[in-house]
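Two complexes come next, and they have one chain in common, chain A, joined by chain B in the first and chain C in the second.
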Partner chain A sequence: RLMPVRWSRYNPSYLEPEVKTESYQKPLEELTEEEKEQMELKAVRPIKAAPPTLSSSVFSDPMISKFINMMMKSGNKVLARSLMSQTLEAIKRKQVEKYHKAPENEKETIECNPYVIFHQALKNCQPIIGLSNITRGGKTYQVPVPLTDNRKRFLAMKWLITECRENKHRRTMMPEKLSQELLLAFNNEGPVIKKKHILHKMAEANRAYAHFRWW
Partner chain B sequence: QLDRGCALHMAARDGLSSVSSQNVPAEKPRAVFHTSESDPAKHTEQHEGRLYNIPLEEVKAVFPHGLPYRFQQQIQTFNEARVMVRRPALELLTYLKGSNFAHPAVRYVIYGERGTGKTMTLCHVVHYCSRQGWLVLHIPDAHLWVKNCKELLQSSYKKDRLDQPLQASVWLKNFKSSNERFLQEIKTQKKYMWGKQESTEEGRPLGEVVDQGLARVRSASDAVGVVLKEIKQQSHRGSFRLLVAVDGVNALWGRTSLRKEDKSPVSPEELTLVHNLRKMVRNDWSGGAIVTTLSQTGSLFKPSSAYTPQELLGKDGFDTLDPFVPIPVPNYSPREFESCYGYYLERKWLQHEKGQ
Partner chain C sequence: TLRLIGTTTAVLRKNAGASGSEKYTEAFIKKQIEEFNLGKRHLANMMGEDPETFTQEDIDRAIAYLFPSGLFDKQARPLMKHPTEVFPEQRKIQWGEDGRPFHFLFYTGKQSYYSLMHETYEKLLNVQKHQDQLVAQDLPLQKEKRNLAGSRWLTKIELEEMLLEKVSDDDYSRFIKLLQKLVTMPCADIEEKYIQKFSKEVPVQLQKVVIEPLQYDERGVAFSTGEGKRKTANATAVVYDNGTGKITVNGIDILHYFPVLQDREQLLFPFQFLGRIGKHDMVCTVSGGGRSAQAGAIRLASAKALRSFVTEKEVEFMRQAGLLTADPRVKERKKPGQEGPRRKFTWKKR
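This part shows the complex of A and B:
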């Protein structure tokens, strides 16, 4: 079994692998000029090895796989994946139960799809502006700084997981805790949203130091 | 879509009519089949592959402890209990309807691979029998009695047997809630002594024995034994029919994972509950039927690919159960799969767009 090396350096002529099966099923006539050129290039150039996390299944989602990687401890991906699937199932169960017990007019407002809930909750948890420590003249100041998309996603997921791991009762299972947190975040309530608001307030309070930033 | 909606609303309004089975048109074999036929006695070949509804009060009364955990979660999520009518269950029901109760009890063993629906078939049969008014002796999972027991007491009745007060009291509680009226009708035929002071006289209703077992937890397993013995003796008189439904019967003949205080392993004969159950499963009584299920998931020390009666029961079990009617349970047929799939779609259980 070959293990892919982290930060492996390929020759720049190597192209990324194409995973989606729909792109291979299109007949030749439907392709535009660009796509035909792309295909000819692929026939000639070598292609990088696909990482094991990249799957061509319809059910895979890059955000979900990133979240699973963050939840993983000591390389136990099997456990992390099963926990994630149990979380999604728990969310679906709670929402479907609520849906069936609700009166007719409220039925459309209840969202049952766990993927939609997950993405919306993550979006609600992402901070808009972050703080970074800048040292000037011996003192360290907390300077408000814009964040990249990757950093925002990372912070949101990190807060969710730490919140679940630390602030809950010891005996509750992770899927239960996570499903509760995700549902609260979906409705803009809960401790993670509070943390985001606190961060925003700190950034607003430290507005004066914004000119320390040089990038 | 409209047809399915009609079928469900009619099922909610009138309980036992079979009108909606005519609503489902024959030209659409891929449509969902629901039946509003909630009486298992009227299920026939025509209803195969359809899901029938059990009202929630009946579920609580008939199955205090019998349903698998995932099915209970499903009931909670969808707010209704829907069981699929399948061919092995229909077979069993025809045998039960045509069986002669003067002959010794016939034994049926339901076997099949993991996850094919043996426990659900058993529950279907139990529901039918309770509707018909039989006395149902339902043991949810015999594997729970031979593993993970926290307390083992020395039996006061026989010296080398071991009691299990926890499991016995739990089972007595559930038995009481499911078979209330029989406990008042059946009378004991012998005097039983519980320890030095308490005793139950002849001719008292069985409910007293059950209450005694629940009150004095130490003698709960003996109470269970007494209940089983009385019921067996009185069943051939014909005043009531008896159904013994045991799930995971291969636990009665395997090994246990329990140990005595000197760390020597316990064999199943040394447990009072298992000993009494084995007496029930022998077919030396008449006036009822014994329906059992093999189960690999809870079994101890057996490989996960074993599912035939021979492998799971072992030599002793197979010899004891020898003249039995085997009922194999296969996986869902394409038609059953379609109806199950349609049911989940309708109940909004399949949420991913690609899953639809």
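This part shows the complex of A and C:
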């Protein structure tokens, strides 16, 4: 259907920018057919401007930027970014402490890189299947439905943030609580993982209604 | 209703010819053409030019001279064009004197669309038959790829103009899918002429921007300037060669002017992308906008300035990374009857 891209200010023919320097340094022989076609298309079509959150430096990560945007309240990006950096620092501190206290044989298994922990924790929190409300004959059923990648990431991040905002003591700071939750999620424990398992169980329980889905 | 913001005016033009019933007869059009030709000769006489070699541009200039108009809308000014341009093409009556329609698909309601689909499918079957023949004779299938990147399909409006009847969105997308299926087959070269009727060339080099050569100042250091805009901020950047990586904004060092890390990251983005962080110095001036807008404006200005220092391939890489496009997003206007650009007033039941 001819639908405009949800009111974007760009012409629909504009393509997304590719920021990573590695993809531009590949020699021509290593590219597959699809990549060659993509390159030809990019040479002809105009390209959108890179957003301010995206950069080619090693420190910018699209997943972390998305998480910061979701944590942000009333457009206060400065505060959200500082909270995130404090969280990553807190994770690093805890892991390094654990590392120094651990005996020799376990030192290799302890992960100290906060970015790796963040990515792994998010991956562990992502649900595989979701529920959606479908109304048939007046009654609304919860039908198990496959989720897209974007939706899974969004749900994982949303659950983490709501968990940290609501279930904490009034005096604990957000970075502390978030770092706690991320470490628990990294080890497949904690309330967010429990929520994911509850969702999976509900989907399994409502398996009988799976045929209501038409897409 | 859909509001297409980022599209060209071609999409918004409504197609009057496809609307259906005849609004003017053929005799009327003939009379208009005769009157136009007579008027053209009179005009040429008036202007003292030769009536035989009086082109459309001369007519436009003459009309603009004789009837000067201060109206802003170009389409509201006095106009004298050939009647085929003024009156859009429309369909002649589709049935004879006895009431019997000429075309066999008349009663489907969209006769030209369905006949087009039939024709295209016939070509598809033709191609398949040819393919099967080649496979039966064990000959290799030709695989010359059409340059898909340089051409685009007809838009819905253009298709409507071609068929002289209304085409709905679903019908249009079905037709395009069929064409794409035809094109992806290996032996589609046979029907190349037919396909060319429905594809248009996209001007490949719309991005031919002239890269300025480097200028040299008194000390012999090479430098180049660039300008950038973002939201309401305007920035000019002067990038010097053989530098230490110092960046000054409005006479203040960036560490003091941009206390936030994100803005500084944006300033260094073009340099980091090209791998020239410690090699250039930059002096910029910026005004207007907010914190992030000024950073974006300086980023665009520095990327434009860096084009002179760098090979063409790297300029192309910069463009594909999104460094050289001006961000068109601006603040959306507030609408009447609403509190903000999107937020509506609180709904009260009574």
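Assume the second predicted complex is superposed on the first by the 172 of 215 C-alpha atoms of A that agree within 3 Å, B and C clash if a C-alpha of one lies under 4 Å from a C-alpha of the other, contacts with A are read in each partner's own complex, and residues count from 1 in each chain.
The definition used in the following text is that a contact is a pair of C-beta atoms (placed from the backbone, for glycine too) under 8 Å apart; a residue touches a chain by one contact, two chains touch by 3 or more.
For clarity, every value in this text was computed on a predicted model and none was experimentally measured.
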item: Contacts of A:165 with chain B and chain C, given as first, second, both or neither; value: neither
item: Contacts of A:113 with chain B and chain C, given as first, second, both or neither; value: first
item: Chain B versus chain C as contact partner of A:26, first or second or both or neither; value: neither
item: Chain B or chain C, by number of chain A residues touched; value: C
item: First, second, both or neither for A:36, with chain B first and chain C second; value: neither
item: Touched partner set for A:59, first chain B, second chain C, both or neither; value: both
item: First (chain B), second (chain C), both or neither touched by A:197; value: neither
item: First (chain B), second (chain C), both or neither touched by A:92; value: first
item: Doubly contacted residues of chain A, that is, touched by chain B and again by chain C; value: 59
item: Residues of chain A that touch chain B when the two form their complex; value: 58-59, 92-93, 96-97, 99-101, 112-115
item: Chain A-touching residues of chain B, taken from the complex the two chains share; value: 73, 76-79, 347-349, 351-352, 354-355
item: Chain A-facing residues of chain C, complex; value: 2-8, 147-150, 156, 169-170, 172-173, 202, 204, 206-207, 260-262, 265-266, 268-269, 272-273, 275, 292, 295-296, 300, 316-317, 319-323, 325-330
item: For the chain A and chain C complex, residues of the former touching the latter; value: 1-5, 7-12, 14, 17-19, 21, 24, 37, 40-50, 52-57, 59-60, 77-78, 81
